Amino acid sequence: MNYSKIIHQIEHELQDFPNNGKVASYIPELSKVDPEMFGLHLYCIDGNHHSFGDSTERFSIQSISKVFSLTLAMQLLGDDLWKRMDVEPSGNAYNSLFQLERENGIPRNPFINSGALVISDILVSEYDNPKDEILKFVRKISGKHTINFNEKVAQSEKQHGHRNAALANLMKSFGNIKNDINAILDVYFYQCSLAMSCEELASAFMLFANEGKILETNEQVILPIKVQRINALMQTCGFYDEAGEFAFRVGLPGKSGVGGGIVTVHPEKYSAAVWSPKLNQKGNSLLGMETLERLTTKTGLSIF
Amino acid sequence: MNYSKIIHQIEHELQDFPNNGKVASYIPELSKVDPEMFGLHLYCIDGNHHSFGDSTERFSIQSISKVFSLTLAMQLLGDDLWKRMDVEPSGNAYNSLFQLERENGIPRNPFINSGALVISDILVSEYDNPKDEILKFVRKISGKHTINFNEKVAQSEKQHGHRNAALANLMKSFGNIKNDINAILDVYFYQCSLAMSCEELASAFMLFANEGKILETNEQVILPIKVQRINALMQTCGFYDEAGEFAFRVGLPGKSGVGGGIVTVHPEKYSAAVWSPKLNQKGNSLLGMETLERLTTKTGLSIF
Amino acid sequence: MNYSKIIHQIEHELQDFPNNGKVASYIPELSKVDPEMFGLHLYCIDGNHHSFGDSTERFSIQSISKVFSLTLAMQLLGDDLWKRMDVEPSGNAYNSLFQLERENGIPRNPFINSGALVISDILVSEYDNPKDEILKFVRKISGKHTINFNEKVAQSEKQHGHRNAALANLMKSFGNIKNDINAILDVYFYQCSLAMSCEELASAFMLFANEGKILETNEQVILPIKVQRINALMQTCGFYDEAGEFAFRVGLPGKSGVGGGIVTVHPEKYSAAVWSPKLNQKGNSLLGMETLERLTTKTGLSIF
Amino acid sequence: MNYSKIIHQIEHELQDFPNNGKVASYIPELSKVDPEMFGLHLYCIDGNHHSFGDSTERFSIQSISKVFSLTLAMQLLGDDLWKRMDVEPSGNAYNSLFQLERENGIPRNPFINSGALVISDILVSEYDNPKDEILKFVRKISGKHTINFNEKVAQSEKQHGHRNAALANLMKSFGNIKNDINAILDVYFYQCSLAMSCEELASAFMLFANEGKILETNEQVILPIKVQRINALMQTCGFYDEAGEFAFRVGLPGKSGVGGGIVTVHPEKYSAAVWSPKLNQKGNSLLGMETLERLTTKTGLSIF
């Protein structure tokens, strides 16, 4: 498969694509991004890299970081983790309190905010310095040691984080948050502020295309059965209220963030990260989804 | 892969599996089944068949039939179909009116009852005799010409079908049902009453493992891109409120029915149907899910 | 109290009242009304009548009729009635299926559509000819023997009644509808089509201001304790999603209809009916509410 | 009317009333109360007092305090208050986040927790020392200068207040809380901890039976029109999810608290407070409701 040719063809086709998406503005820091940024990085299991556009520019990965913290929590806790959250799509806006209230403080899955807050709570319980551990882990699996949190974004999240504080307090009232709420919010907001490029994201997510091993070093970081489950979760829950649409159009597991990034994984074939800040109405990168749909259509490859 | 050995090993392991599931009783006719029935049929893309137990016994396939009617509707309508329903998991009990009301009569996906009723409405609009067409289609893709509706089950459904009538009336109030409600309910109830064996289901679903072609005849019944989409829908929406769990534990697209059947598909590898009437709390065959989880664990093969 | 002077003062004040309400259009027949009609009739317990405007013009009383059928059902059934419905405000749009589904087919109160359908079901069970009984009852308590159903409105309701059919089917699935759905819908649609004037409504509702006795004849039609309960129900549930607003602004029990009528009752003082077809966003007569608010403000009399 | 005779008759009748209610236990401090306490105080507009049982024993008035803080806020703000909350019954459990989320952080009414938190926010904005002002106000209208907060109850509320913190944070995310969340929670928890006897509550609530004037001093504390509105709010929203039931059975405006107290008002006739700690399933005093129902039945007096 000539991936290089295919992705440049897509880049060319999308040059004049009418993009009526909107940059996320719920925190001021996010709205400062250049809305026209657009890049893709494809990392093949044979070790080859292909990319176009702003693929080495770092951006706020936001909810994509939930895959990293989930992976850490799955290493630490095993199946006990699933007593504190479910693995089902929410069928609701990603930060809804409704379901959480009806279901007694048990989040639907680890990729909605409430689920990610429980993951933060676990990391706070298990680690002396959870933020350091997250950073260490991301640097290790991507092989990029300058990756860091964006302090301004983290502070901006904190100042506008009342909805997440509501979720955490609600879960604490049900006994599903063990630690101090400010401590877990701190971990959560920093994690969301991670700044990475498409190249770095594709490198990190190769772990999930390569049965849990870092491709460069062949180190087994997480068991294959756990990777399959993380991929299954990305497939059914990785796109807020649009997981079905992504499965339907793209046909690969993936995770998006309101910073405009989407990472997707074709097990045993490749990982790919795309970035375009303008979001569709469901909060996913409009051009990103279009790009990935064309990628699987042109390669004829989806997991289905 | 020695599939034969693997499935007999599973059969052996599950011999004394504690099964506290309950046979569906919402219509009297369904509750008459022998709760201890248990069978599996695996059909490989190389043409080999493997089975155990009551795999040739016919049972009420119920919601599994929704995959057949969706396939017919996708052949007839193309993308217009998706103006009348979405492709998202519901995150709610499979027959809930709540979401349907909030979302203006647009069903979440074709596999919840409301979505299947819209599909029936389409078949009533497009065909002179939709029930005949469904039967013809199922017989053709399975190659089994004695497959038929179960009259008693269909009548029993009709007598207890007020909830489906409520769904149809609600959608009609929003303009998303075009035909007479009794006509579409009739198609729906007959379709649900289809009686098939695991062997017949695996044969029919080979279509979705084989890029839309009947394996025996090589006839292209539906385009590969559409098959990918049907598989994606089965993955995200095929198990009522437990689609995530099935993806997480089994890792394959599939569809279940309250008759206790589950069919699953590994694209380009096999189709497999399992039957055990006792259902878990979410309405899926308890032993069926256990069987398929062991199948993908032992073969090490999931799409993720 | 010089009621005559007060109501003419209100009529004068409201002459140029900016009314951006909208005539109900959910059934075509209702939208044919002259939107500028405006009338009031006040009937005092001392036997005096006061009125202005189009107070003798008949209009479609719609949901106001639910008070009549409830009164009949309370005469027939006693406290058993309340096993089949509750007496609580719904806190939701008046025809919502959400609550009904969550609360197992038990309507919140007799004045939302689902509750009124259960009342219809009771009348169908108890009477050979429920429509005749309703008519007979309304004629008797109002003393106006030419009151009748509006055939065109009833037929128009029937043609657009899918939402009510959905409610009835949902309740039947829970066992809370005993009779044939078409039979109860027929009673319901005819009852809603009753055509009455403000004068006739005020006369009929004097029953609820006069401890259950017809003022003209002194006949005790319903016990005082039951009248208190009907008045309490009108207070807490008589105005769809705006019962609190009416209690807050007007401070009297009452019932409104989408035909633009509102009847209100001050126990032991008066009954009053007002009509203006343009509705506010909650479905209550905009000018009607304004009129009644001024009436209780100017008279200084509310039950609170 | 011989009130004294009537209330002692009720006391006698209820001596052996089977009470399967349960003392509130959501905060440990509340569960320490003697469950068999039972008292009533009736204060007539002619100045006479009637009582039985533990009517001078102080208890935690909890949500009854919301009437006091609402009255203060209505004095301070006028109609602007109603931009920040509605006057409708909630139709949901009293602390539900669902409706608050769907309705953009605007509470349904001032008597559900979210509404009372907005009232606290207003008092924090308007007063230098809101807790002192609440205390001063309650002492003044009741004429009992030893009334005070219960420090232990307030601290216990604080330790178990995560659900209220969730509500406050959710509203802050919608911009409907202006001050620091801990500051408003502090006011709220102290207000709920007010300890008063039936005698003191009946004295304080005479304000609402007496058109806003303190009966002893004739001082006009709040305008009659505002009193009518507070009474209307108590009628439609004063009993959590059981306001309709209270209107139906008792027929008077009132307010209950999970401490087992209920205060009710018959405008221009009397105020009455009853206390029995065992609650029914909706969170209202079981014996308290029974007592008040008998009171209005025996006196033949309800506002309806």
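By written order: A, B, C and D. Residues from 1 in each chain.
One rule holds in what follows: contacts are C-beta pairs under 8 Å (C-beta built on N, C-alpha and C of every residue); 3 or more make two chains touch, one makes a residue touch a chain.
A quick note: this is a predicted structure, and the numbers were derived from the prediction, not measured.
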B-C or C-D, whichever has more C-beta pairs in contact: C-D
Distance-maximising chain from chain A - centres being C-alpha averages: C
Distance between the centres, which are taken as Cα means, of chain D and chain C, whole angstrom: 32
Separation of chain B from chain C, taking each centre as the mean of its C-alpha atoms, in whole Å: 48
Where chain A touches two or more other chains at once, by residue number: none
Interchain contacts (touch definition) - all pairs: A-B, A-D, B-C, C-D
Chain C to chain D touching residues, read off their complex: 86-92, 99, 108-109, 224-225, 227-229, 231-233, 235-237, 241-245, 247-248, 251, 253, 267, 297, 300, 302-304
Contact set on chain D toward chain A in their complex: 96-98, 101-102, 160, 162-163, 165-167, 169-170, 172-173
